[in-house]
Amino acid sequence: MRIIEQTSDHSYAFNRYLEPIARVKPGEMIMLYTEDCFKGLVQSENDLPSEVLTGAGYLNPQTGPLYIEGAEPGDTLKIHIHAIEPNRDWAVSCIQKPLGGLTPNKYTPMLNEPLGEKVWIYRFDEHGMLTHDRYLSFPWEPFLGTIATADDLEVISALTPYAQGGNMDVPDVKPGNTVYLPVAVEGAWFFTGDCHAKQGQGELCGVALEISAKVTLEFGLIKNKKIRWPRIESPDELMVVGSARPMEDAARIAYAELIEWMTEYGWDRLDAYQALTQDGKLYCANMVDTFYSMVAKVSKKLAYRE
Amino acid sequence: MRIIEQTSDHSYAFNRYLEPIARVKPGEMIMLYTEDCFKGLVQSENDLPSEVLTGAGYLNPQTGPLYIEGAEPGDTLKIHIHAIEPNRDWAVSCIQKPLGGLTPNKYTPMLNEPLGEKVWIYRFDEHGMLTHDRYLSFPWEPFLGTIATADDLEVISALTPYAQGGNMDVPDVKPGNTVYLPVAVEGAWFFTGDCHAKQGQGELCGVALEISAKVTLEFGLIKNKKIRWPRIESPDELMVVGSARPMEDAARIAYAELIEWMTEYGWDRLDAYQALTQDGKLYCANMVDTFYSMVAKVSKKLAYRE
Amino acid sequence: MRIIEQTSDHSYAFNRYLEPIARVKPGEMIMLYTEDCFKGLVQSENDLPSEVLTGAGYLNPQTGPLYIEGAEPGDTLKIHIHAIEPNRDWAVSCIQKPLGGLTPNKYTPMLNEPLGEKVWIYRFDEHGMLTHDRYLSFPWEPFLGTIATADDLEVISALTPYAQGGNMDVPDVKPGNTVYLPVAVEGAWFFTGDCHAKQGQGELCGVALEISAKVTLEFGLIKNKKIRWPRIESPDELMVVGSARPMEDAARIAYAELIEWMTEYGWDRLDAYQALTQDGKLYCANMVDTFYSMVAKVSKKLAYRE
Amino acid sequence: MRIIEQTSDHSYAFNRYLEPIARVKPGEMIMLYTEDCFKGLVQSENDLPSEVLTGAGYLNPQTGPLYIEGAEPGDTLKIHIHAIEPNRDWAVSCIQKPLGGLTPNKYTPMLNEPLGEKVWIYRFDEHGMLTHDRYLSFPWEPFLGTIATADDLEVISALTPYAQGGNMDVPDVKPGNTVYLPVAVEGAWFFTGDCHAKQGQGELCGVALEISAKVTLEFGLIKNKKIRWPRIESPDELMVVGSARPMEDAARIAYAELIEWMTEYGWDRLDAYQALTQDGKLYCANMVDTFYSMVAKVSKKLAYRE
C-alpha cells in the first residue's frame, strides 16, 4: 500500500495547471488523506462558517492532482474504491448562507433573507453511530463527495459537478464500487475529497456529515474508450451520473448515457429505452450544488442480457 | 367484499361534476376494475396508438368517481391498497407521439421529429414474469398510476399529477401501502386507474407495462386535517409526492411537505431539514407527465423519533 | 355596439360546462364589463387579500362564456381588441401570499416565510397617470390579462395560461391587436377578464395594476385552421405565446410555433429558424403564474418576405 | 487612440493565469481586434464546422487579457463601448452539432439525432445590409457577444456566461452603452470577443451573424463597489444580466440585482419590486449557451426617481 501525502496546498478547483503531487500506475493500491469541506475549521456549534472560514471562503479542499501514468485524452479512467476510513471521531453539518435546497441561494435568489446559520456536530458513539443527540444519529456510510479528472480547457470549482465527475455528492461513490471518468488531459489529473460520513439523497440543506478521511483507491485505464459522463459500477448495478440544471436535464443526461452504455452489451437503443422505462432507477444525488446530479441505474442482470 | 361496477362512461379527467358511481363508507372493503391507459385498444404490435385510439384520443380512463361518506373539505382521505390483481394475461408498452423523456414532446418541442411509434406486448410466462422476449422480461410489481380526489375548481386531465394525486405514476402506490390525499369537495370524489404491472423510476418512454386490473381498497378519513400534497405510508417509510416543473420544484415540494409531516411527530423544522439531509431518499417517479413527480422518503424509525 | 351583461356568476375557471351568457356572431362589435382580479374587494391599503377575499379566495373572475356562432373544433378564433376603458378611477396592486417572482410560493416552496402582504392603491391624476406617490406613477397602458377559449376536456383555473390562452398576462393583448386562439369545442366558449391598467414584463410581484374595465371586441373565425398555441398580430409584428415551466420550455414553444406560422408564408423551417436567430424578439410576459409565459415575435416585414 | 494587438494566442477561456497582452489605464481610449467565434475558419457554405474547426474545436477565441491598472477585487470595472466596426465584408451563421434552442444538445439530450449542419454566409450589400438572399437580409447592429473579467478561482470556457460577464450574447452590449463588471482579481483580467453583426433575442439556433471586428473601448473603475452580476447602462435604461438555468433562475437573478441597483437610488426594496412589476422589461438574450441569459431593465426616469 502506497501512502500519498498532499505536499502542496489543497486546491479548491479541479485544475490541470497544478503540479501533480504524485505519479500513480494503474494497478497500484494507494491511500490518500482527504480534508473535510471546511478544511477542519468548523469544529463546534459556535463556529459559524461565515466567521471561521479564512481567505476567500472557498469550500471542498481537494487532494491531488495525481498523474495517472498512461492516461491520455479519449481514455476512460477506472477508480476502484477499496476503503474509506474516518480520520477523526466527529463529523459536522450546518446551514450555511446562502446554500441549501429549501432556502433562497445564489442561483435562486429571492427578496427573503436566506435561513440563518446553524451548526450540528456529530460524534461516534459506542455503537459506531455518528450522533448529535437522541434523534439525530446515523450510521457510518461513507463516500467521496468529489472525484474528478481535470478538464482540458476549464479550471472548475470544487463545488461543481460536471461531465468528468467533480462535486457530484453521489452516495454510490463508495467502497466496493468502481467509478469511470473520461480522461481529457494526458495524466488524467485526478482529484478527490469532500468525504461524507453519511448523506441522504438530495443533500437537502447542502452540507452532509462532513469528515476528513483516509481513502484507499486503485486505478485502471480503458484505452481508447470515450464516455461522456461519469459511470459507476456496483456489484449488481450499472449507473450514470448526469449533472445539469434544471433537474430534468440531469435526468435526461443520466438515462441517455445509460442507454449508450447498454448498447455496448448489444442492446438496440429503443429496446434499452423500453427496458429502462420498466426497470430503471433514478434518484437525486444533490439538489444544492452548482448543477444538480441525478443517478440513473440498471441492474447488471438486465443490462448484461443474462 | 363489495364489488363496485363502473356503470357510467369512464372519465378521462378528475371531475367533481360527474355523478358518483357509488357511495362508500370508511372501513368498507371494496373492489374496483380498472381499464388500462388505452382502454384496451392497443392489443398487438400493429396497433399503433395514433391509429387505434378512437375519439379525441384521450388516455387513462378512470374508474370512479366514488363518493366517500363523511368526507369534507379540509379532511384527509386515507386509501389503503389491499391488493392489485391482473385482469388479463398481457400488458403493453409503447413509444407514442409526442410523449417520452428522451424525445421532443408537447412541452419541450424541437424542430426534430419525435421518435416513431413502436409497441411492445408482454405476456405472463410460466414463471409469472411479464415477458416480451428473452431480454425484456419483468416481474409482476403492480401499482396504481392514477389515484386522486377531485379539485374543487378545476377538472383535471387524467394525464396530470397534482396536489390531490392524479397521474403521479409512483411505484409506491402499491399493495400494502396507504395513500393520503387532501379532500377538496364534500364526498371527496375519488378516482383511480392506469394500473401498471411494472414501471421503472421516471417512466422513461412515457408508457409503463399497462394492464387492466382488479383493485381492492379500503378508505379511511382523518377529519379536520389538512395536508397540502399526497402522502404515502409503507410499513417502514413516510413519503411525500411533489409534482411540478422544473423537476427541482417537485423535489422542493416533496421535501418541504415531508418536513411538515415530521413536525407532526415533534420535530423542529430545522432539525427535520438536517435529518433529511443525512438520511432522506428522493427518487423520480415520472419525468414524462404534465408535471414531473418526485418522491421524498424518510424511515419511520427516524421520523417517529424512536 | 352590443353591450353584453354578465347575467350569471363570474366563473373562476375556463369552463365549457357553463351556460353561455350570450351568443355572438363573427363580425359583431360587442362590449363586455370585466371585474378586477379581486372582484373589487381590495379597495384600500388596509384590505389585505388574505382577509377580504371571501369564499374560497379564488382570483380572476371571468366574464363569459360567450358562444361564438359557427365556431367548431379545429377552427381558429380571431379576437380583435378595439378598446379597453377603465370602469373606475383607481387600480390596485399588492404582495399576496404566497405569490410572486422573488418569494417562496406554492410551486417553489422554501423553509423561509413568504414576503408579507402589502397593498398599493393607484389613482388617476390630472395628467391621466395612475399614481400611488411621487415615484410610483404609471401611464394607462391597458391590456387583458386573461383571454381564452375553453378546453374540451379540462376546466382550467383562471390563474393558468395554457394552449388556448388563459391567464397569459401578455401586455400585447391590447387595443389595436388581434389574438388568435384554437377552438376546442363547438361555440368556442370565450372568456376574458383580469384587465391590467399597466404591467411590466414578468409581472414580477404577481399582481399588476388591477382594474375593472369596459372591453370592446370583435370576433372572427378561420374555419378549419388548427393552431397549437395563442398567436397575436399587431400592426407590425407576429407573435406567439408559449406557456410552460421551466421558462425555457415556454421559449421553445413560442419560437417553434412562430416558425410554424412563418412556414404559412412560404418559409422553409430551417430558414425561418435562421431568420429568428438574427431578428426574433423574446420577452417574458409572466414569471409568476401556474405556467410562465414567453412571447416570441417577428416583424411582419421579415415574416411576410416583403 | 491606442491600438492593442493580440500578441499571444487567443484564449478560449476567461483565464486569470494568462499573461496580459497589455496594461491599460482607466480613461485611455483603446482599440482591439476581435476574431469571429470560428476564428474565421467557416468561410463558405461548404465549410461545415465539424470539418473545418481544427484542434479541440473550441469556440469564441478571446482578445485579451488586459490588465486594468488600479483594479482590485471588490471594485467594479466600467467599460464604455465607443464603437464596433467590421473587419471584413461578410458574416456567418450556421446550425452546428449539437447546439441550438430547438434541437437536442449536450445538456438536453434526446434519442433523436440533432439537426444536421448548415451554413449561411451573409455579405454587406450596397445598402449596408448583411444579405444572404432576398429574404435573409439584416442591418448592421453590432455588439460584443463576450465581455468579461476573470474569476479568481475558475478558468471559464468562452462559451459560458457567468457572474462576471462572459458569453452573455446580450445585444445591449453595444456602442453607446456602458457595461459594469465585478472585479475579482488584481488587474481585472479583461477579455472580449465574439462580435455579432446582428442577433435576435434568444440567439435561437446558437450562432448569430458572426464577424471579426475592431472595437473601441474606454475603461473606468468604481473603487470599493461590489456588484454581484453584470450591469449595463444605456442613455435611457439600467439593465442587469442574469445567467443561470433554468431560465426562471436567470430572470430571478436579473430582477433581484436590478432591485439592488435601485436601492442605490433611494428605493425601498418592496417599492422597487412594485415599480418593476408595473414597468420592468425582461427579455431573453440567449437560450442556447451553457447558462441562459435574461436581461431585466428599468428606465432611468423611473429608477432615478426624477
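Which chain is which? They are A, B, C and D, in the order written, and residues in each are numbered from 1.
To be clear about the criterion, a contact is a pair of C-beta atoms (placed from the backbone, for glycine too) under 8 Å apart; a residue touches a chain by one contact, two chains touch by 3 or more.
Not measured: the values here are computed from a predicted model.
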Common contacts of subunit A and subunit D, by label, are B, C
The pair out of C-D and B-D sharing more C-beta contacts is C-D
Chain-centre distance (mean CA atoms) for subunit C and subunit D, in whole Å, is 33
Averaging C-alpha coordinates per chain, one finds the centres of subunit B and subunit D separated by a number of Å equal to 46
Multi-chain contacts in subunit D, i.e. residues touching at least two other chains, fall at 102, 108-111, 115, 245-246, 252, 256, 259, 270, 273
Among line, ring, star, complete and other, the chain contact graph is complete
The answer for subunit D against subunit C in the complex is residues 93, 95, 100-102, 115, 118, 120, 134-136, 138, 198-209, 245-248, 251-252, 255-256, 259, 267, 270-271, 273-284, 287, 292, 294, 296, 302, 305
So, in the complex, the side of subunit D touching subunit A is made of residues 12-13, 15, 17, 56, 58, 107-111, 152-157, 244-246, 249, 252-253, 256, 259, 269-270, 273
Touching subunit D in the complex, subunit B uses residues 102-104, 108-115, 246
